[in-house]
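By letter and in written order, the chains are A, B, C, D, E and F; residue numbering begins at 1 in each of them.
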């Protein structure tokens, strides 16, 4: 359970600053569903607006990385950070953007392998090869 | 500095089990350069072989995710885990596989955004929407 | 569910070393409620005493940081470490010490922002400015 | 060393979108010093603007949490995330905002204690007391 | 709930590559019980085989570290990484290998203490003593 | 470089509360060397005493886990938390307590494997088997 209240649609209707963001979320995603993350953030309308506009700019704008890859990167970070909610929501988003079972299986393997080599490198405290330096 | 010794090429020459893996690393990557990570792992030839064969299977085999995307996922995990060496080596690998400045900039932004929403979700302890459940 | 048993008040009554700590927890906090953390630690009476005396010294003694700020710092660490139980218990403690909705909203935003810039700095491996060095 | 180039003032002068943000950083902080974090982010002018405007809103606007407390919360998150650069830069910022040696010592102790109880709770997988639930 | 399906024994029977690994898990562990981790990994038969063979080599082969100590090290890493499932499964494994209540209590205390000193060291950014350098 | 000053022996001599702890560290460890961690903590004499007495009780007292195993558990936690200083100091301590190259190699492999399966479990969000529940 959350440490704050999750706002219902009826409550959102009464706060114009929140309502405007929820309307934009629905229009941008072309879906009526607004998930609990936004209902929690809605307790602080300014924060809601800041986070949503940023997410819209990074995840929905045309860009050099395709939408499915973006979601896979998001899952990777969320896994390493241990954020269950984020893993579930972005796995659902990746599925909605066409992630196949094979791609999901490979994503899980890459995340696991990186987790392993990160730990190996850290345990051995490997020093940086000069070849990796950015000039 | 490392907590173990990093094996030089001269030392590797004397341990057939290690030499065989180093030869395969060089052949697979089509490069003479073998970075320090493998020189540290080489202290334990069985571990060296296990980790390399796994990395070869996950990162070099034909697959449903393209090589550059794999490297970006690796960078994402390594960043969330705070592994400096891994971030440097996989950023270099991604660059070698064609990552542009624009893609790198977006990757950094997605990682940063995921870091933010992971922390927001965790601080608020947002409960899972039933829509995200896998049936 | 816990990986150890949580001791009930009836069980605590029978172990004088545990009973003494529980009595001090109740007296110090001016509340009869002893939460599950202490009931788990009670399996190791020496550890229970060590952790409680430390917490009492750091969190309850007069000091240069006010009690509410201490709880907010505790929530910040617990969030970055992903400890759900700790986030819940210290958010409840902060509320009991007067944290307002506005303060909670700002706390969540600061934690989220720090999560973001921590990830950005790490992904870019920003080198330390000499101005930040302690002489 | 960074995985990207850090832009010098001479380079910043040539990119109006970056120059505008650097000017605002200098004006807001009342200091000519712009630290390396912003010089790295400047590679992506849109990201630079997004992150700075957010940091300005969260850390510099009038609010319910005082500026020094904000910096201490930032240090707490950065420590749990292991971001050396962030710990150094925000410890310097906290000092500039008046953090005393006594407050720094207590901050370090609270962070350490939270690190300990976070690990204890997680190792024992303590279940949530119903008293901590938000209604 | 998982982000992938967990394969039942009936489903495993139909996939020879998965069946072979499950048979080996049962034979190696001398138990009919195959836990959910393997049922999730079974969605990707090659990954299942890779991970199992590695775990078998590291955790079940004769070695310089005794089986119970290995499980305690596993619990330590899993706790610091916040992996609830892993903490539960490896605590059960350690118990099955003879971990006493006293040993479990001490393990929890060591993990907690390391969590604390890790945070203290990081908050203070302690520089490495030359005595700890590996020559 | 540290965010606080590290106290020299000459400075320690002038603060009786710190001197007493340093004397006990030297006597308990049977060594004149006092590493930087304690020289940083010494800025807060009460914290120095609290942390040292705890470490002495957990790491130096007779107990159900042998001294070398304790150090390996410490290395495991420190690696997962990414604390370079801690990894170096406790690897040196483990070596001093007799850790062989073979044991170190296995320790590194177990830590790496746990890092991998922790990430795999988290990415797949594996649900707990009822068999792992503590009654």
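As a working rule, a contact is a pair of C-beta atoms (placed from the backbone, for glycine too) under 8 Å apart; a residue touches a chain by one contact, two chains touch by 3 or more.
Treat the numbers as computed from the prediction; the structure is a model and nothing was measured.
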item: Chains in simultaneous contact with chain B and chain D; value: A, C, E, F
item: Intersection of the contact lists for chain C and chain D; value: A, B, E, F
item: Most widely separated chain from chain A, with each centre as the mean of CA atoms; value: F
item: Taking each chain's C-alpha mean as its centre, the one farthest from chain C; value: B
item: Interface numbering overlap (same over half, different under half) for chain E and chain F; value: same
item: Chain B-chain C separation of Cα centroids, rounded to whole Å; value: 34
item: Mean-CA-position distance for chain E and chain C (Å); value: 27
item: Chain C: positions in contact with at least two other chains; value: 1-4, 50-51, 54, 77, 79-84, 87-88, 91, 106-109, 111-120, 122-125, 133
item: Graph class of chain-chain contacts, one of line, ring, star, complete, other; value: complete
item: Chain C partner contacts - residues on chain E that touch it in the complex; value: 82, 87-88, 91, 101, 104-106, 108-109, 112, 119
item: List of chain A residues in touch with chain D within their complex; value: 1-5, 46, 50, 54, 57, 133-134
item: Footprint of chain F on chain A - complex, ascending; value: 75, 79-80, 82, 84, 87-88, 107-108, 111-120, 122-125
item: Of chain C, residues touching chain E in the complex; value: 3-4, 43-44, 47, 50-51, 77, 81-83
item: For the chain C and chain D complex, residues of the former touching the latter; value: 1-4, 6, 33, 35-37, 40-41, 51, 54-55, 58-59, 63-65, 69-70, 72-74, 76-81, 83-86, 88-89, 91-92, 100, 102-103, 106-107, 109-111, 113-129, 131-133
